[in-house]
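The following pair of complexes shares a single chain, subunit A, combined with subunit B in the former and subunit C in the latter.
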Partner chain A sequence: MRVLLASSFVPFVRGGGRFIVDWLERKLVDYGHEVEKFYLPFNEHAASLLDNLLSYRLMDLSNHADRLIAIRPPAHSLIHPNKVVWFIHHIRGYYDLADTEHASVPSSADGRALCAALKRHDTMGLREARAVFTNSEVVRERLMKFNGIGSEVLYPPLLAPDRFRCEDANDEIVSVCRVEGHKRQDLLVRAMEFVRTPVKLRICGASSNLAYEKQLKKLVEDKGLQDKVQLDLGWISEDIKIEHVSRCLASAYVPLDEDSYGYPTLEAAAALKPTLTTYDAGGTLEFIRHGENGLVTAPIPRAIAEGFDRLFGERQKTAAMGRAACETIGRLNITWDHVIDRLLA
Partner chain B sequence: MKLLWLTPVHQGSAIARYSELVLPCLIEKGCEVVVAATETNFVPSRRRPFLDLEILSVADCLGDGFDQAFDAIVANFGDHYPNHALSLDVLRFSRLIGIFHDADMTNFSNGMRADGREALGTTGEWPDGREVTASIARLCAGSVAHSSFYRPVIARCDGPIDVIPLAWSLPSGVAEQRKLSLPGGGGGDKAFQVLTFGNINWNKCADRVIEAIGAGPELRDATEYKLVGSIEPEERSRLCGLADRLGVRLVVAGPVNEDELHRAVVEADVVSCLREPVLEGASASAIEAMLHGCAVLVSDAGFYAELPDECVAKVLEATDVVSIRVALEKLFVDPGERSNMGRRGREYAETVFSPDSYADALLRLIADVRVTSAYDPLIKRIASQLTDLGLSPDDSSIDFVLRALESMVPVARRASRGEKVISLTAPCARNAEPIAAHAT
Partner chain C sequence: MKVLIVNNAVPFIWGGAEELAVNLDQQLNALKGVESEILRIPFAWEPKERIASEIILNRNLGIVNADRVIALKFPAYLVQHDRKTIWLLHQFRQAYDLLDAGRSLLARGQDDGIIDAVTRADNACFDAAQWVFANSPVTRDRLQRYNGRKSEVLYPPLNDPDLFEPGPYGDYIFAGGRVGESKRQHLLVEAARLAGNDCRLVVAGPPGSQADADLLRELVGKYGLQDRVTLQLRMHSRKEIADLARHALACAYIPFDEDSLGYVTMEAAASGRAIVTTTDSGGLLEIVKDRKSGFVCSPDAASLATAFDRLFADRALARQLGAAARDLWTSKKIDWPTTLERLLA
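Our next item is the complex of A and B:
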C-alpha cells in the first residue's frame, strides 16, 4: 500500500511526538509498504492559529496515495478520502488547559471564541477520517468529551524494544525524557532531600526551557544533593540511554496529566524495570499499577522519597515489578503487528 | 457562557414576556445572563419580574472592555422605537445577534428619525420598513427571524442566520384553565363568542369581522364579538357605530389584566387574529389562542400562512369580508371541527413554540456566531491578499482558496462577474462592508 504519513512539528524540538512518526515509517517499510513521510510546521500561537489551520486545509492529498495516516495535530486537517488519524493529543492550551496558567489564549470573549473555533475545526477534520485512533485512554476520553468523537486506543510501541536488556540493578532511579516544567523533574530532585537510603537519582534529557534547566541545577546545589543527584542535561544517544535504563534500579516518570504512558515507562518495562509515577500523571496510570509493575505515589516530594526508598530497600520486589512491567506490554498488545494491522484496516 | 440580553422589560411588552420565557431556559442550560433594558424611558416600577434579575441600562453595560466581557450580545428589535431604541447602541459588536420580531420596521424607522438618529444605510436615505430591518441585520453578526417569510430580509446579515419559531407559553396557572371540552355556541342560550385581543387598531381588521358577522342573520343573531385590549376613542366610536348599524352585538372591554384576558380567551369559540397587512414576524396572540385550544381565524399571509392548515382557519390574504364570513360560518355550524382544530392547534403550538426548543436553537446559532467571529481577522487577510493578486473572479485559484476557507467557516462570496469585481465578505459585523477586489 502507498501510505502518506503526515504530522506537525515544532522546529528543533524532539521527543515522543516525532518518535511515533519516525518509528511508524520504519515499521511500515519493514512490513512492505511504500511510505512518504512529511512534517509540516505548525505555530499554535493564537495570532496565527487559524492561518496555520487554513494552510493545512489548502493541501489536498487525495490523489497521492492509497491512505493518509495523520498523527500530531493539526495533521488531521489534511484532506484525503482514506484518512486515518492516530490522534496523540489536543492542542491543550485551547481545550482543558484554556482556563489555567498553561492557556494559549487570554480569558476573554475573543479567547473563548478562538477555542470554540479550534474545537469545531478539529471535530470537522476528525469526522472526515475513516477511523480515529488514540495513543491512550486519556486521549480517547478527551476526544469523546470535547469533540464527541469515538475512537480506539492504539498504544504506540517502541521501535526496537529488544535492544533494552535487564542487567544487574545499580542504585539509581533514572528519569529519561525531555526536561520541561510539565515533566516535573524538580519534584524528583526535591524528593531526594528526604530519602533515607543510599538510593541515587539520574536525570537525563534535553530541554527547550533554559530557565527550568537552571532551576534544576540550582535546586541540586541549594539542597546539597550533588552526591545523590546526577543531572545529564542535553540530548543523549540511544546507546547511552539503553545503558542507563538497563542498569538502573527503576525508572521515574512524573509528568503532570500526560497524554499517554510515555516512552520512558515503556523503555523501562522493556528493560524489566518498574516505573515510579504519581497519581496525577495522566496516561502513565494506564500502564502502571501500584505495587504490581511500579509505584504510584502522591505528587509530593516526601511521598516520592518513600517510594524511592521502597524500590531501593525491597530489591527483589522491585525486580519482580520490573518483570511484571514487561509482561504488561504484551497484556496491552503494544506491538507493531497490532498497530499496523489497525491503521491499514 | 456569558450573554448580554437586550430587551424591553415593561409589563406591556410582548417581547418582554418572550424574553422572560427564554431566559430561564438559557440559564438552565448553563448561560450566565445579564439583562439590559432597551426602552427610551425605562421605569423600574413597571418592569416584569424577570426572575428577579438585576436589570441594567444599556449604558451601564457599554464601559471599557465590554466587548470582551460577553461571549455574545442578543438584541431584540421590534417595530416600536420607544421599546427598542437602545438596542441600536450595540450595533457592530463583533458577536451581536439580532432577534427580529417584525419583518417591517417602518414605525421603528419613524421613531429613529424623530429622535434625531442617522439612517443606517450607507446612502443616508431613510429606507422603507423592510429595508430598515435588512439594514440592522446587516450590522449584526448573526440574525434570527421568527418565521420563514422574512428570512430573505434578514439574509442581508452576512453571519449565521436562522428561523426559530417564537418562544411562547401560557403563564403558570393559566394553562390549567385551557379549554378541556367542546366549545359552546351554535345553539342553546350561550352566544357564539368571537374574540379579538391586543392593541385594537385598524390593522386587526375588527371592522371587517363586524361586517362579516352582520352579513347574515343566522350568524349575526347568534354571535357576540368581543374586543379586549387598548383602543383609541375614535376607533372605539367607529367600530361601535358600525356594529350598531349592522345589528352586531359588540363588547368593547378595553384594557384588562392578564387573568381577565385569559378568561376571555377561554370563553371564546373563535379568536380572530386577522391582520392586514401582515407585518409581524410571529403573533403571540395567535400562539396564545392556539395554546388555549381555541379555533383561530388568521389571514393567509406571512407568519400565519406558515401555520398548518389543519390547526387554524385561514382566510384569503386580502382578508376580505366575504372570506371572513365563509370561514366564520364554517366554524359556527361545526362545533366538533372547532374543538378538533383547537386540539390540533394546541398540540402544534406546545411543540413548535416551546421556549426550551427556542433556547436550544438560539444556543446553536450563538455557537456559530462565536466561531465565525474568531475567523474574522483571517477572512479579512484572505480578502486583502486576493485583492492584491488582481485575478479575475473566475480564476480557479481564487475558488481553490475560498473552497478551503469555506470548509472551515461559512463565507459570503459576492462576485459581480459582469463588472469584473470580486468581493469577499467576512461573516461578522465588524467586516460587514464588502472588501472588493477589482480584477484588471
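Our next item is the complex of A and C:
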C-alpha cells in the first residue's frame, strides 16, 4: 500500500512523540509498503492556534496515497478519504489542563471560546477518520469524555525488542528516561534513604531542565547517598542503555499521571525485568499489575524503598515477575504485526 | 544556531531540490554550533483553484524555535519568519514564464485572479525576506523580470566533490546525465558516427522513457556503431559516474537551453576534463569557454564531430583544456564552505 504518515512537530524538539512516527515508518517499509512521512509544524500558542489549524485543514493530500495515518495533533485535522488516526494525546493545555498552571489560554471568556473551538475542530477531524486508535486506555477514555469519540487501544511497540537481553540480575534498580520534574526521579532518589538492603539505584537520562538535575545531585549529596545512587545524567547510547537494562535487578518508572505505559516499561519487559511504579503514574498501570509483573506502590519514598527492598530480597520472585512482564507484551498485543494489521485494515 | 530548511513536497516524488535540501542539511549539521532540520510542506496545485489556499496555508504555518529559515521553493518560501533567507530554486513558473510560453495550466483573462494572487504573495515575500539568493542567472533574471525583485546568484555546489578528483586521461568521451530529448544525446551519437576511427563515446544515464532509450539503440544499430558507442542506459551510483568522468578523455553535454550550470558540467570540470557543448546549451557557457575549457560548437553533428576529432588527435590539447576547465571551476568557489558562509551571513 502507499501510505502517508503525518504528524506534528516543533522544530528541533526530539523525543517520544517522534519515536512512534519514525518507528512506524521503518516498520511499514519492512512490511513492504511505500511510505511518505511528513512532520508539520505546530505550536500551542493561543495567538496563532486558529491560523495553524487552518493551515492543516487547507492542505490537500487526498490524491496521493491509499491511506493517511495521522498521529500527533493536530495531524488528525488533515483531510483524506482514507484517514486513520493513532491518537496519542490531546493538546491538554486547552482541555483538562486549561484551568491549571499548565493552561495554554488565560482563564477568560476568550480563552474558553478558544478551547471550545479547538474541541469542535478536533471532534470534526476525528469524526472524518475511518478508524481511530489510541496508545492507551487513559487516552481512549479522554477521547470519549472530551470529544465523544470511540476508539480502539493500539499499544505502541519498541522498534527492536530483540536487542534487549536478559542477563543475571545485579544489585541495581535502573531508571532510564528523560530526567524531568514530572518523571519524578527525585522520588526514587529520596527512597534510597530508607532502603535496608544493599540495593542500589542508577538514574540514566538526558534532561532539558538544569534546575531539576541540580536538585537531584543535591539530594544525593545532602542525604549522603553517593554509594547507593549513581547519576548518569546526559544522553546515553542505545547500546549502553541496553546493557544497563539487561543486567538490572528491576526497572523503576514513576511519572506523574502519564498518558501511557511508557517505553521504559516496555524496554524492561523486553529484557525480562519487572518495573516498579506508583499508583498515580497513570498509563503504567495498564501494563504493570502488582505482584505479577512488577510492583505498584504509594508515591512516597518509604513505600518505594520497601518495594526496592522486596525486589532485592526476593530475587527468585523478582525474576519470575520479569518473565511475566515479557509475557505481558504478547498478551496486550504490543507487536508490529498487530499494529500494522489494525492501521491498514 | 538552529536553521530550518523549508521546501515544498509532492508525496512520493524525489528530485534535485530534495537532494539539495538533504545535502544542505548534512552540511549545516556538520558546522560547529549549527543544528539543522528540514521541513517539507505538501504542495498540490491542481485544481488551479487551490492555489490561493496554498498561499494562505503556507503563510499561516507558524514557525517557532528556529533562529534562521532557509526556504527554497514556492509556496513553502511564504512561511513567515523574521530571519528568512530565500535560496530560490523555483517560483511558480505557471504564473510567469510558462504562462508567456503558453505552457501553463493558467490562462490570462480567466485566471487573472490566481496570477495576481501569486504575484502579490511573491512580491511581499521577497520584500520581507532578509536575504534573497537565486540558484542561477536564469532564475535571478526571471525574478527581476516578473517581480522586479533583486537576488544574488548562488549556485548549488557538487554534493560529493571528493569523488571527482582528476584521473589519468582515457580514450572515450563521456556523456553523462539523464537521457532524453532535451538533453540531445542522439546528436552526440550522430557526431560519433561522423568522427574518425579513434572516436569512442560512452553515454551513461537513466533514460526519461523507453522511447528515449530505443532511439539511441536504434541509431547505434542502424550505423553499426557498436565498436564506438557504449550505451549504459540506467541509474548509476555516484562512484560509477565519478569513475566514468575522471577517466574520460573529455566530456560532452549538450542540453537545450539549460537553466543552470548543470551537475554534469560541474562534475566534468571538477574532474579536469574538457567539455564539448553547443552554442545553445544555456547556463553551461559560464564554465565552458570555446578553446579555453572545452569546445562550444554549433548544434549539429558535423560540428560536434570536428571537436571530437580534435581531442582524439591531440591528447595534449585535451589535457590542457581539461586542466583549464578545473581551474575555472575552482576559481568560481562553488563549494559548500563558501555557500554556507553566504547563506548564514
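Here is the rule we go by: the second predicted complex is superposed on the first by the 344 of 345 C-alpha atoms of A that agree within 3 Å, B and C clash if a C-alpha of one lies under 4 Å from a C-alpha of the other, contacts with A are read in each partner's own complex, and residues count from 1 in each chain.
Rule of thumb we're sticking to: contacts are C-beta pairs under 8 Å (C-beta built on N, C-alpha and C of every residue); 3 or more make two chains touch, one makes a residue touch a chain.
Fair warning: this is a prediction, and the values are worked out from it, not measured in the lab.
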{"item": "Contacts of A:Arg2 with subunit B and subunit C, given as first, second, both or neither", "value": "second"}
{"item": "Which superposed partner A:Gly150 touches (first subunit B, second subunit C, both, neither)", "value": "neither"}
{"item": "Comparison of subunit B and subunit C by subunit A residues contacted", "value": "C"}
{"item": "Touched partner set for A:Arg112, first subunit B, second subunit C, both or neither", "value": "first"}
{"item": "Partner chain(s) touched by A:Leu54 [first = subunit B, second = subunit C, both, neither]", "value": "both"}
{"item": "Which of subunit B and subunit C A:Met124 touches, first, second, both or neither", "value": "first"}
{"item": "Contacts of A:Gly32 with subunit B and subunit C, given as first, second, both or neither", "value": "neither"}
{"item": "Touched partner set for A:Pro11, first subunit B, second subunit C, both or neither", "value": "second"}
{"item": "First (subunit B), second (subunit C), both or neither touched by A:Asn43", "value": "second"}
{"item": "On subunit A, positions contacted by subunit B and by subunit C", "value": "51, 54, 58"}
{"item": "Interfacial residue positions of subunit A with respect to subunit C in the complex", "value": "2, 4, 10-13, 34, 36, 38-43, 45, 48, 51-52, 54-55, 58-61, 63-65"}
{"item": "Subunit C residues within the subunit A interface of the complex", "value": "2, 4, 9-12, 35, 37, 39-42, 44, 50, 53-54, 56-58, 60-66"}
{"item": "Contact set on subunit A toward subunit B in their complex", "value": "50-51, 53-54, 57-58, 79, 108-110, 112-114, 116-117, 120-121, 124"}
{"item": "Subunit B residues within the subunit A interface of the complex", "value": "1-2, 67-71, 95, 367, 370-371, 373-375, 377-378, 381-382, 400-401, 404-405, 407-409"}
